[in-house]
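Shared chain: subunit A. Partners: subunit B in the first complex, subunit C in the second.
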Partner chain A sequence: MKLIESKTLGTAQASIEFTSIPQDGTDLVVFCSLRTNVNAIAATLSFNTGGTYTRRRLQGDGSSVISDTASVDLVVNASTGTTTNTFSNTQIYIPNYTGSTAKSYSSDSVTENNSTEAYQTLIAGRWSETAAITSLKITVANTLDAGSIISLYKITKGSDGIVTTSP
Partner chain B sequence: MTEVITKLVVDCATGEATEVPLTAEELAQRETDRLAFEAREAERLAAEEAKEAAKASANAKLAALGLTADEIAAITA
Partner chain C sequence: MPTPTYTPLATVTLASSASSVTLSNIPASYRDLILIHNGALTNTDNIVWRANGDTGSNYSIVQALATSGGASSNSSASRTSGLAGSSYTQQSANITQWLDYSATDKHKTSLGRANSPTSEVGMSASRWANTAAINSLTLLGAFASGNTFSLYGVIA
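Now for the complex of A and B:
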């Protein structure tokens, strides 16, 4: 697994977008540590432009669970209802991102909170477009706080079919 | 002074990160998303409140039948 780019926000941003993603990898992995400035825990993931996203979600919030079709892809720590200066954690996995079929992805994320209400969200998603993924964006309802971190990695399959790792 | 909302665009080919003001289309999409979220959230809260109210009503009816709090807990837990 090799790091492509990692950014720590110095100022609040509505979204963060990685463009010109190299096409020499097999799978993409995104790690996020996020906090937003409003009381809205949801964030969305999008690729390139256009297309249709379909999702299944399994989510617990500390007292109840839901299983549904979601319109969001991950949870982030909100300004209210979560411990000050804490951030959520998320991993997104996108296999075969340069392939010529619809793209599947999965996302698992948790919010950090020193209280009963803390979210754990699993998403299985599908993007209908068949183009290779060249850009990736994460968007929240208002803005991501400074200090939020997003890192993009690629995993490259070796010529023998075995996944190789790079330092 | 109007607040300028920006996004961070990271070019993976160059490593350059640029703060770009949102376009009118992106701002409009944000507003649409915000309203949709608020509507879903209101719906979720209303469902939770209705569920809590039904639970309280059921417990009250069980108590009226003579069940103790421990007995109600035993059959509803």
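Now for the complex of A and C:
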């Protein structure tokens, strides 16, 4: 796994975007540490331009659990209702990002809060486009706080020449 | 210098549909194994794994999942396989990690993330009640042509 780029916000921004993603990897992994300035925990992931997104979500909030077809991909710590100086944690895995089929991805996300209510969200996502992913953006309803971090890594498949496979 | 991680060990891209994929001669020189499955199935059966060709009732699982029927959790023991993703006939991304797979003093466990957009998302833990080091893994499922399997080693 190799770091492509890491971004730490020095000032608040509505989104963080990676462009010109190199095409020499197999999978992408995104790690996020995020906090937003409004009382809205939702954030979305998008690739390139266009296409449609479909998702299945499993989410717990400390007291209940839901299953739905969500319109969001991850949760972020909000300015109200979460402990000061805490940030959310997210890992997003995108296999075969240069492939010629629709892109599926996995997102695991939690908010941090010294209270009963905190969110844990699992997303199974799909982007309908068959183009290779060349850009990736995380967007929130208002702005991400300074100190939010997103790091993008690539993983390259291969063989060690020892493990054999069948078929 | 950073510790190397996600060392590529093997990759399989199916040229035609298959009901199983086996990865053999897995070296014991890593701490964890990670398998990434990407693709669609030809039916809605779970993807499951077996270690070292063991077909006995030596596996147990617990999982939490979300489907159109709601959120649920279940467990089962004395199974003949562990879970490696619950997939559907749509493009899916399934991730399974085997922890300390080469130890010879503990049963082997895996953590799984199943991702079938719109249909199912889940997390699972599986246990193989055997202290042997894992040297081969067999994935079972109704895999369609074009499915990919990538195995990586993670150094402690």
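To be clear about the criterion, the second predicted complex is superposed on the first by the 158 of 167 C-alpha atoms of A that agree within 3 Å, B and C clash if a C-alpha of one lies under 4 Å from a C-alpha of the other, contacts with A are read in each partner's own complex, and residues count from 1 in each chain.
The criterion applied here is as follows: a contact is a pair of C-beta atoms (placed from the backbone, for glycine too) under 8 Å apart; a residue touches a chain by one contact, two chains touch by 3 or more.
Nothing here was measured: the structure is a model prediction, and the numbers come from that model.
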Exercise for review: Examine A:T19 and indicate which partner it touches, taking first as subunit B and second as subunit C; both and neither are also allowed.
Suggested key: first
Q. With the two structures laid over each other on chain A, which partner does A:I94 touch: subunit B (first), subunit C (second), both, or neither?
A. second
_Contacts for A:T80 in the overlay, against subunit B (first) and subunit C (second): which applies, first, second, both or neither?_
neither
Once chain A of both complexes is superposed, is A:G125 in touch with subunit B (first), subunit C (second), both, or neither?
second
Partner chain(s) touched by A:L9 [first = subunit B, second = subunit C, both, neither]: first
Q.
One more residue to check, A:T49. First (subunit B), second (subunit C), both or neither?
A. neither
Per residue count on subunit A, the busier partner among subunit B and subunit C is C
Subunit A residues contacting subunit B in one complex and subunit C in the other none
In the complex, the residues of subunit C that touch subunit A are 5-12, 14-15, 18, 21-27, 36, 38, 64-71, 90-93, 95, 113-123, 146, 148-153
Listed in rising order, subunit B residues that touch subunit A in their complex are 5-15, 17, 19, 22, 26, 30, 33-34, 36-37, 40-41, 48
Subunit B partner, complex, touching residues on subunit A are 4-5, 7, 9, 11, 13-22, 40, 42, 44, 64, 71, 137, 139, 141-143, 152
The subunit A residues in contact with subunit C across the complex are 1, 26-27, 54-59, 65-69, 93-96, 99, 101-106, 108, 122-126, 155-160, 162-167
